[in-house]
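Have a look at these structures, which come just after this line.
In the two complexes below, subunit A is the common chain; its partner is subunit B in one and subunit C in the other.
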Partner chain A sequence: MERSDTLQEKMEQNGMSRRTFIKYCASLASLMALPPSAAYAMAEALGKAKRPSVIWLPFQECTGCTESITRSHSPSIEGMIFDMISLDYQETLMAAAGHQAEEALHAAMKENYGKYVLIIDGSVATGLDGAYSCIAGRSNLESLKEAAKGAAAIIALGSCASFGGIPKANPNPTGAVAVSDIIKDKPIVNIPGCPPIPVVITGVLAQFLTFGTLPELDKLGRPKAVFGETIHDRCYRRPFYDQGKFAKTFDDEGARQGWCLFELGCKGPVTYNACATTKWNDSTSFPIESGHGCIGCSEPDFWDAGGFYKALSMPADPLKMAATAAVAGAAVGVAISFANRAKKGAAKSAHETTKLEDLEK
Partner chain B sequence: MNELQFLTWVRGTGLNIAVGIFLLGVLWRLFEIYSLGRKQDLSAPRHASGASGFHTIFRRSLPPPGMLKRSPVSYIGGYVFHIGLAIVVFLFAPHILLIKNLTGLSWPALPSQFIDLMAVVTMAAMVVVLVDRINKPVKRFLSTFEDWFTWTVTFLPVLTGWMAVQHLLLPYTTMLALHILSVELLLVVLPFTKLFHVFTLFGSRWYNGKVNGHKGVPV
Partner chain C sequence: MPSIDQIPISIVSPDEMLTGQAEAVLTEIAGMLKHLLDEGIEGSIDLRGLALSGADRVWLEKQLGLGEVEIMLEAGGRSVLTETAYPGVWKVMHRDDRDRVVAELIEVAFVPAIIRPATGDVKKGYKSLLLNLKAKTAGA
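What follows is the complex of A and B.
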């Protein structure tokens, strides 16, 4: 595949009309909360753009993020754009292995120095100098620092790269951290989720290619357009929450009626993501629609947030101090009551009767 | 510490500490107060006290003749905010769920829109009562730091809870965490301030009624 292919040429080869392409650009522009006029600019820029070099490094991860991106429903438009970037290094998807793969990586980094987009999925192990996770004999920590130097922008894909994710869950044996904990001098976009929504990454890439800018980010470094609202606020089951209609178990009448899953531990109210609107599997459904509460996978430390099946209003941990405190309180009370009684007794026995002659003294 | 970690802390460690201090304080003070005892009253009862204690528990919730007119804000404002508070605290679905989790007891909830309305009414009544306390020279003179402080720690949970539900000012997660934190503050100070009337109210009314009956003023 020639590296100089433009997207336009590539699309024509795939039988995609310009009209379809502009429609796609319009949907991407609206996803990224850009004005409608941006769609044409985007189509122009993407049409002419050389396929950008993308280097994708997997660290402490489960390949779920890759699984998610590959399920962007090829030959859907997302899938095609995904084919059209020049993905120079992606261990799971590339044919090369071993030394060839390493060579491809270093060639791409050298050739596109300062211009490539670096996608990281997985957290970075820092324990034992990063020895917990190595590729080609080098720690992820080392690879990240090297690859980040020549990157134009970094996309931390998935909750592990964005926030440390499951590897960072208590007690974090590998000393896992997020990409943003290591790299401080490059623009980083966090696209959390376990896994993240496929269209979000194509949206971020399209904006970067068109305008050379990254989307507006919230304070956790996530694109505001996608992570601006909670699942709860966009949930189709929200009216049941407001009416106080809750499923109590996963197989009761309420569950069959599609009532709110808050009591079954749904983390929708505290989770900022677009699942309820973009949905998954070609807009088929999302977890709540399938009858399971949101587990809050795009939030930092979701794994340690008190259990997936405990309602948000419930204690995150058992109240271990309660019994001891009650006994201690009762003991203090009883002790003080004895002290008070002793005081009273002492006062009584020290009491002297005042006689008339005492007053006349 | 990010928002969700803050929320998890207040739901976990924070709640554990607050409930611990609350239980410790409540049992301590209940044992201390009820073990004080009273000197035996050797005088002959002027009236068999009968149910005077029991009746007083209810009678003291009603304004004495003429008082409602003289002090409408205290009575009406007081009623509204106490009843409103009880509805908001005990009949909101997530609150019932918490109680169920802690004690195993549960009951039906009211629709969240109604709870929302009650929260606003409660806050309005509390503000009116506070303004009255500031405006009336006698009330202001009688007020101590404890009065202003207890008003604040009672008001904050209602305000933060309502703001969390309404998505005002801060993201829901932060506001929910602040709401739980404010309730924890309330739990911690409750046993050691005048808010302890939650527990001693009926006991002292009963005692007063009984003593009054003994002295010849039956109710």
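What follows is the complex of A and C.
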């Protein structure tokens, strides 16, 4: 398969008809919140586009993002990505290994210098000059800087690459940072999520190929079409929130009736993602529909946001509140005691000893 | 004075509520039909991009009704294009080969564009048919 083949030629060789391609473009246009009429423009432009080189570098990651995107075994929206692009380097999927793989990487970078799309998943370790995460004897930090030089655009795939993710969780032993903390001179699209919704990356690539531009991004560099609304905005349980009907435990009557999970720690109101509409596992469900609150995995520092089961209305860190109060002039000790009064009272009546660890929960 | 728990609340399931959006969609369709008649410009509405409730969908379905034409398209999965009671207004449901809905649209057009074959496809078909006829003649 020559990379000089257009997508249309590739389609025909795979027995895909023009109408199938138009259907595919219609679904992509819908995902990217483009006008439905853009589907035909997209089909025409994509059909003439040459397959772009894509280089995928995995850094400090769990491979969940790769798993998310490759869990499709039939010609589907997610699977189309591999027909649309020339995936020149991807360690989990490529057959080559060792020196051959490294040679393939450098050859692809040289041949397509200035034109390839660079996908990064995983955070970048910066501690000990990046020694915490190395591939082929080179730190990810060094590899990123080298690969970014020749990239036309960079896609930071998953919350780790977008914001640092779980490796960055307190105390961040490896000095994990986001791609955008290192690279400042290339267009970067953040597609966060732990993992991200698979079809989003296809939509971003399709838009790049069709219009030669990246989609409109929000202040955190995320495509607005997908991350423009909160989970709360599109949640089917929203009417229950509006009516003040909340589940108090995971197995009470409210939970059985499908009431709002706000009091059980749902982070939907502060989480921007498309899970409530696009859903997961072939549009089967999403966490809230399965009875568990949103954990906010597409937001920065979601792992340190105060607990998955603590309602948003409760203070996440009473010690932090105390620090703020001190700045405002209140005594630190008084501020802490206000935050912990209920807990200490309950412990006293239950004849338990309150430990510092209890207060920090 | 009654407590907050004593204030009666009528809990309405999300699927039973009309949000008003369906009526807005119908108005938009009317505008698109006028555009089609006056200037020949086609339009479409992505139903999956709208936060329509279950009741909204039922209401819209009832308002649009059914026309005379239903087209089944087998291309990477089954698609169904159904003319509504208003000629030129089509309900379009695209599914992939795993029967997942990939797009749900209202298209306003004389004939939805996906139905018309491309000129290139017709040319290829013509050449293929000529070869077929030639082979039959040679075989006879």
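Following the convention adopted for this analysis, the second predicted complex is superposed on the first by the 305 of 361 C-alpha atoms of A that agree within 3 Å, B and C clash if a C-alpha of one lies under 4 Å from a C-alpha of the other, contacts with A are read in each partner's own complex, and residues count from 1 in each chain.
The rule we apply is simple: contacts are C-beta pairs under 8 Å (C-beta built on N, C-alpha and C of every residue); 3 or more make two chains touch, one makes a residue touch a chain.
Because the structure is predicted, anything quoted here is derived from the model rather than measured.
Trainee: Once the structures are superposed on A, label A:Tyr24 by its partner contacts, choosing first (subunit B), second (subunit C), both or neither.
Mentor: second
Trainee: Which of the two partners, first being subunit B and second being subunit C, lies in contact with A:Asp304: first, second, both, or neither?
Mentor: first
Trainee: In the superposed arrangement, does A:Tyr40 touch subunit B (first), subunit C (second), both or neither?
Mentor: Only subunit C; A:Tyr40 stays clear of subunit B.
Trainee: Is A:Gly296 in contact with subunit B, with subunit C, with both, or with neither (first, second, both, neither)?
Mentor: Only subunit B is touched by A:Gly296; subunit C is not.
Trainee: Compare subunit B and subunit C by how many residues of subunit A each one touches, and report the one with more.
Mentor: B
Trainee: Of the partners subunit B and subunit C, which touch A:Ala107 in the superposed model: first, second, both, neither?
Mentor: neither
Trainee: For A:Leu128, is the partner it touches subunit B (first), subunit C (second), both, or none of the two (neither)?
Mentor: neither
Trainee: By the touch definition at the top of the document, which applies to A:Ala136: first (subunit B), second (subunit C), both, or neither?
Mentor: A:Ala136: touches no partner chain.
Trainee: Applying the document's definition of touch, where does A:Gly244 land relative to subunit B and subunit C: first, second, both, or neither?
Mentor: It touches subunit B and subunit C both.
Trainee: List the residues of subunit A that touch subunit B in one complex and subunit C in the other.
Mentor: 243-244
Trainee: Which residues, counting only subunit B, touch subunit A once they are in their complex?
Mentor: That would be residues 2-5, 7-8, 11-13, 15-17, 19-32, 35-37, 93-95, 97-98, 101-102, 109-113, 167, 171-173, 176 of subunit B.
Trainee: Mind pulling up the subunit A residues that touch subunit B in the complex?
Mentor: Subunit A reaches subunit B through residues 220, 230, 232-233, 241-244, 246, 262-263, 269-270, 272, 296, 299-302, 304-306, 310-317, 319-322, 324-326, 328-330, 332-334, 336-337, 340-341.
Trainee: Per the contact definition, I'd like the list of subunit C residues that touch subunit A in the complex.
Mentor: 9, 11-14, 17, 42-46, 48-49, 51, 73, 75-77, 79, 94, 96-98, 100-103, 105, 107, 113-114, 117-118, 121
Trainee: Which of the residues in subunit A end up touching subunit C in this complex?
Mentor: Within the complex, subunit A touches subunit C at residues 16-20, 22-24, 26-27, 29-30, 33, 35-37, 39-40, 74-77, 234, 236-240, 243-245, 277, 282-283.
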